[in-house]
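Take a look at the structures listed below.
Look for subunit A in each of the two complexes below; its partner is subunit B in the first and subunit C in the second.
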Partner chain A sequence: MAKRSSLIARTISTLIILILLLIAIAVVTKLVGSRPFERTVVEMFIRVMLVAGLYIFVGNSGVISFGHIGFMCLGAYAAAWFTIPPAMKGVSLPGLPSFLAHAQLHFLVSAALAGLLAAIFALIVGRIMMRLSGIAASIATFAMLAVINTVYSNWDSVTGGTGSIVGIPFNTGIWTALGGAILVVIIAYLYQISRSGLALRAGRDEATAAAASGIDIVRERLIAFVISAFTIGVAGALYAHFLGVVNPDAFYLGVTFITLSMLVVGGMNSLSGAVLGVIVISTIIQLLRWLEKGIDLGGTTIAIPNGLQEIAIGLVMIVILMFRPSGLTRNRELVWRYWPFGKGSVNGVAVSKTIENVR
Partner chain B sequence: MTAVLQVIFDALSLGSLYALGALGIALIFGVMRLVNFAHGDYISFCVFAMLWPSIDAAAIVFAGNLPTVILIPLILAIGAGLSVLSEILIFRRFRNANPATMMIASFALGFVIKNFLLMLFSSRPKSIDLWSNLSLPVEIAGARIPLLQVITIIITIVILLGLTAFLKRTRFGLEMRAAAENFTMARMLGVKANRVIMLAFAISGMLAAAIGLILATQSGTADIQMGVSVMLVAFIATVIGGLGSLPGAVIAGFLIGGASVLMQVILPLDARPFRDAFVYGAVIACLIWRPQGLFAPKSTKQRV
Partner chain C sequence: MSRVKTLALAAAFGTLIAQTAWADDIVVGFATAESGFMQAYDKPAQDAAMIRIDEINKAGGLLGKQIKVVTADTKTDRAEGAKAGLEVLDKGAELVIVSCDYDFGSPAALAAEAAGKVSFFLCAESIKAGIPGVGPHSFSASVLAAVQGATMAEWAYNKRNARNFYRLLDTWTVYNKGICDGFDWQLPHLKDAKLVGSDTFKNEDASIASQISRIKALPQEPDAIMLCTMMPGAVSAVKQIRAAGIKAPIINGSGMDGSYWLSAVPDLSNFYVPVQGSIYGDDPNPAVNAFNKKYKEVTGGDPSSQYVYPGYVLIDVWAKAVERAKTTDADAVVAELEKMKGEQTLFGPRTFTNEIHHQNTGRYLIVETDKGKPHVIDQWTISEPIPVADLLKQ
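== the complex of A and B ==
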């Protein structure tokens, strides 16, 4: 069994590559300097937070979760409760308890609290649900999402019902979003090489053998569930501070499926897959949007018909999955071939081959 | 008494829709372990096929104007065709992929179909005038029940009986049941994989078309989202019933339909908007109670 320090030495190059990649994207965006493009990139960083956070649970446990966007909903609404000016809250959300009604916190504090709220909720729900595995667990998480959505859509005095709550301060710029994305990637990396993460991956790959080796799969799953809920709660808070508006349907099936697709297209069982999945799919979506608007080619504008963009992205995903059923990264991590400290295998996969140029 | 009868009919007709949907999903899951998220979009596609080529808001129905005896087989054929086509073009290539990959592929396909419909018909709901005289009430034991509800229930029972006869009495049915039980073993004993899978897709597509016809008649509108909500509940019903068990899927469909209608009646007024939260809470409780489903076949029991 490898020692912990050497595990870090062997695998940290992945983390460095991913962080550098994210920073590079932010810097290039700033250099381009176009406002709409910057907003697209901020949104992409938030998606990185969501998908990497989702990966902490789904990737390590092998259980597909349809429920994590529920945590995003919890986080976003918590951010709204903590940061909207009290005068506005008195009018739009009369049912808030008084300590919330008068609160106006710094947005970073509110984001941390939002994550905490999601984590506590996950701890309570997870205690019950993590006993399930396979498709039953997936359906249970979906049911959880539906419950959260129903409650937030109808609890008018506290959540504003199906309408939107406005007045959340705009605090998430590109650097905040970058910071958030890096934070979640670091958390995901640390969890993945932690004792619990390794145990959970063992349980994912061979449940019987892992259980026989004394791994309590339910407990490890719960740990992963809570950590990933925290990161997604924070992501939800940053998203609320990015849009300035929240409404329950923004946190339902649409985001659930797009984030899951990004994870699976990237490679469900690797952190690099989670990050690359977001970057690749977001890039393709952006390219198609530009095509839809039309590109100027020597005086003639070439544009694809409206609505074709969505069809194309669906087809692209199908084609990618056809040729790479286990995702773009084939479930491996990006590594730097010439990394000087420590060589060998990570998670039982020989990493002699580099796949750093997927993008 | 009449109120009780009304509730029973409401529950049965809603349950019928869910049961038909769950059956369509369970059939495909049984033979290829695919959770087909495109199923809801097959339903919408079949509804909109009745409008095509008209894209007006007050639809001048083309296919819908055909006489019933032609319209119903036509829509069923469209559903089956779309379903089989997606098998041949897409799902066939995912036979050996893991379930998550297949699930996302089916979701992507549903996304494509939905946006194709959006591009053609735009997102505004359209009105469909299909057998509108069916919404007239009939009197049964003192209660006034919409004729359509009665017909929905009867049609569902007929479909279920027909399918049962098909599965139990014919060679194809036997092959399909064997494949659902243990696909590898069935292949070794001479069941042709492609034929069985295509058949499952065809039947599943026809079930989607049947749901589409019922939904369109019931609501009088064609909405791109209409299939998805049925599909989600049907998907849950499939799991609660025990994946791989066809009778389980049907019974669970009726159970969820019944639970929704019942909760609408018995919940206190303040809690009624939260009805779905209670229904889904019951779903979680049911899964915790029996993770393998209410009627799980022995072959799918997990060892650990």
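== the complex of A and C ==
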């Protein structure tokens, strides 16, 4: 126990820094930002939830998952089922079971249930998929995404098919999204320093040695899979309440790749990497969008052609990965140099390294 | 942090400039796709809308004020769409014009609705694009997809003596399903007409050989094939049907209008498309042909399909409503729009009621493609409008 508490003492500065960073962004936005900019920041917070959620599984297990946006889809549709006024559901989603058709829950309750649904689904499919490792596991997660997308695109009476479902109340403002992002960052932090998290990281770095030490990698992976599914399900619910419209296409390859890119650019094996990846990429995207609209400099407007932003962001990511192959954070955690509790962090040692020392 | 702060300041400053600039004008905001695949649909209709705005401004403006246009790019992205909606609203838009498609236009339309402003879909053809899917201030300038299916069924029944229909649905989009829903609604109203078979495929299917063999297995070739599909998969479907030797008339939705794809199916014949106006220079209304010429002058190219026209219609009807209401106040304008009963426009009449802000009936020109050459042969209006209750069920 003594060692556990010292691990928290040594690493908690990371958590505090990340939370303060998120709060600072929200406060500054609220003070000076326009309404469209505020929405950009809300979107960014939801992406923090997604990427940090993704990190819980990908970062700790080392298995790249292409399927987690499927959980977002489950969460978003669950939020729609729970919160759309029953009169509207009767018309647009006639196939809903009656307990759902008549339900209209508070959005926080619905978000929690949405996360739970995603977690239960993850538990069921994860029991099978987590036996795979490496590229086979990645392909299996991708198949899961495709299956979820196909089912939600065609189950017309329950999901509205390829059409959009409308009538989801707008509840996700900047503070809700900030709360969601902080919640997921805390969950991710607690998981990575938990017994299961440490075991899984050990299994990621040295599978054979970990197994020989009595670690059941499949079990630990499943735990991480379920927890990350929960957080991404909640993120999906908040996204549904942010946009007010859900559609199966919104939860497919586009979001999958942008969130994975954010994670990789930030640094796949650290929570700070997950959060910073989102902030950095979102900032660059926003800068490029402003450039597309044109920036007025003393009478001359400088603008890049529309659509260049997508290309430019790809180039930026390539450049970042050329010079920082293990991500902007080099897979280390942000630490406060003068943190008084625990000497492990004084030299900015990565948490994984610290953990290995503990191990 | 300083980076975010600078950006935020820049954004706030930009908004400030935009707000003060247009104090004495009426502002119309386009929250449409300037990039991404929706641009192909939004841009032409937006160009047509700009032509009407230009005409109004040259004729002295609206309520004595000039119409100013502000735009924001949705990037064919739903979350960006909502932002684009807010952006044009922050620039003072009294009317928010959103993407052609319901799925991509609704986030911006919902933002306008929340701000109590009128929103218009450029050319969405789903019943949701309006009151059911956005709210009481939202409209669409086009005609429902269901009307296209119903029109073609009734026209083929009356003018081509079709009795045995075959229905082939591409389940990719709500638009496709809408055409077939209208067809399904119409068919029981036609005495002796029957459905001899129906099948589905997916837009991305490379081959529809199995569907075609089921058509070929029928005891006799159907009198008409209702094909509910859209680009890009439609071309391959039509090509395969004809290559298999099926010569039956193919009746379609308006999504098949345009001659840009005809070279892929050489000498296509017996192929019918309903359109609101003809892009082929043979519209019975000379004003439409004059518009086409003007469109070419402004944009440098002919209209690529009839989906150009709703953009013109929407500015036309909205401006009329504003003139009649003598204000741009949303509720007053909506009240005037809902008084329109068969309001004549260049591209057919428009009716809005407090139940439906879309067209559940409408005059369609029928374009026949004969030996690869499309031309107008007829026009048709369905004998009764499709009831709103039936539309909502779909």
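To be clear about the criterion, the second predicted complex is superposed on the first by the 341 of 359 C-alpha atoms of A that agree within 3 Å, B and C clash if a C-alpha of one lies under 4 Å from a C-alpha of the other, contacts with A are read in each partner's own complex, and residues count from 1 in each chain.
Assume a residue touches a chain if its C-beta (ideal position, glycine included) is under 8 Å from a C-beta of that chain, and two chains touch if they have at least 3 such contacts.
As the structure is a prediction and not an experimental result, all values here were calculated from the model.
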Request  = May I ask you to decide whether A:91 touches subunit B, subunit C, both, or neither, giving the answer as first, second, both or neither?
outcome  = second
Inquiry  = Under the stated touch criterion, which partner chain does A:37 make contact with: subunit B (first), subunit C (second), both, or neither?
reply    = second
Inquiry  = Quick check for you: in the superposed arrangement, does A:166 touch first (subunit B), second (subunit C), both or neither?
reply    = second
Message = Looking at A:244, would you say it contacts subunit B, subunit C, both, or neither? Reply first, second, both or neither.
response = second
Request  = Could you tell me if A:154 is touching subunit B, subunit C, both of them or neither one (first, second, both, neither)?
outcome  = both
Inquiry  = In the overlaid three-chain picture, which partner chain does A:317 touch, first (subunit B) or second (subunit C), both, or neither?
reply    = first
Request  = Considering only the touch criterion stated at the top, classify A:264 as touching first (subunit B), second (subunit C), both, or neither.
outcome  = first
Key: Contacts of A:28 with subunit B and subunit C, given as first, second, both or neither   = second
Inquiry  = Let me check the overlay on chain A: which residues of subunit A are in contact with subunit B and also with subunit C?
reply    = 154, 306-307
Task = Name, in rising order, each residue of subunit A that touches subunit B in their complex.
result = 64, 128-129, 131-136, 139-140, 142-144, 146-147, 150-151, 154, 207-208, 211, 253, 257, 260-261, 264-265, 268, 305-308, 310-311, 313-315, 317-318, 321-322, 325-326
Query = For the complex, which residues does subunit C have touching subunit A?
reply = 1, 3-5, 7-12, 14-15, 34-36, 72-73, 75, 78-79, 82-84, 86-87, 90, 102-103, 106-107, 110, 114, 126, 128, 132-134, 171-174, 177, 392-393
Subunit B to subunit A touching residues, read off their complex = 35, 90, 93-94, 96-101, 103-105, 107-109, 111-112, 115-116, 118-119, 228, 232, 235-236, 239-240, 243, 273-277, 280-281, 283-284, 287-288, 291-293, 302-304
Residues of subunit A that touch subunit C when the two form their complex = 21, 24-25, 28-29, 32-37, 39-40, 43, 91, 154, 161-164, 166, 170, 242-245, 247, 249-250, 283, 286-287, 290, 292-293, 295, 306-307, 309
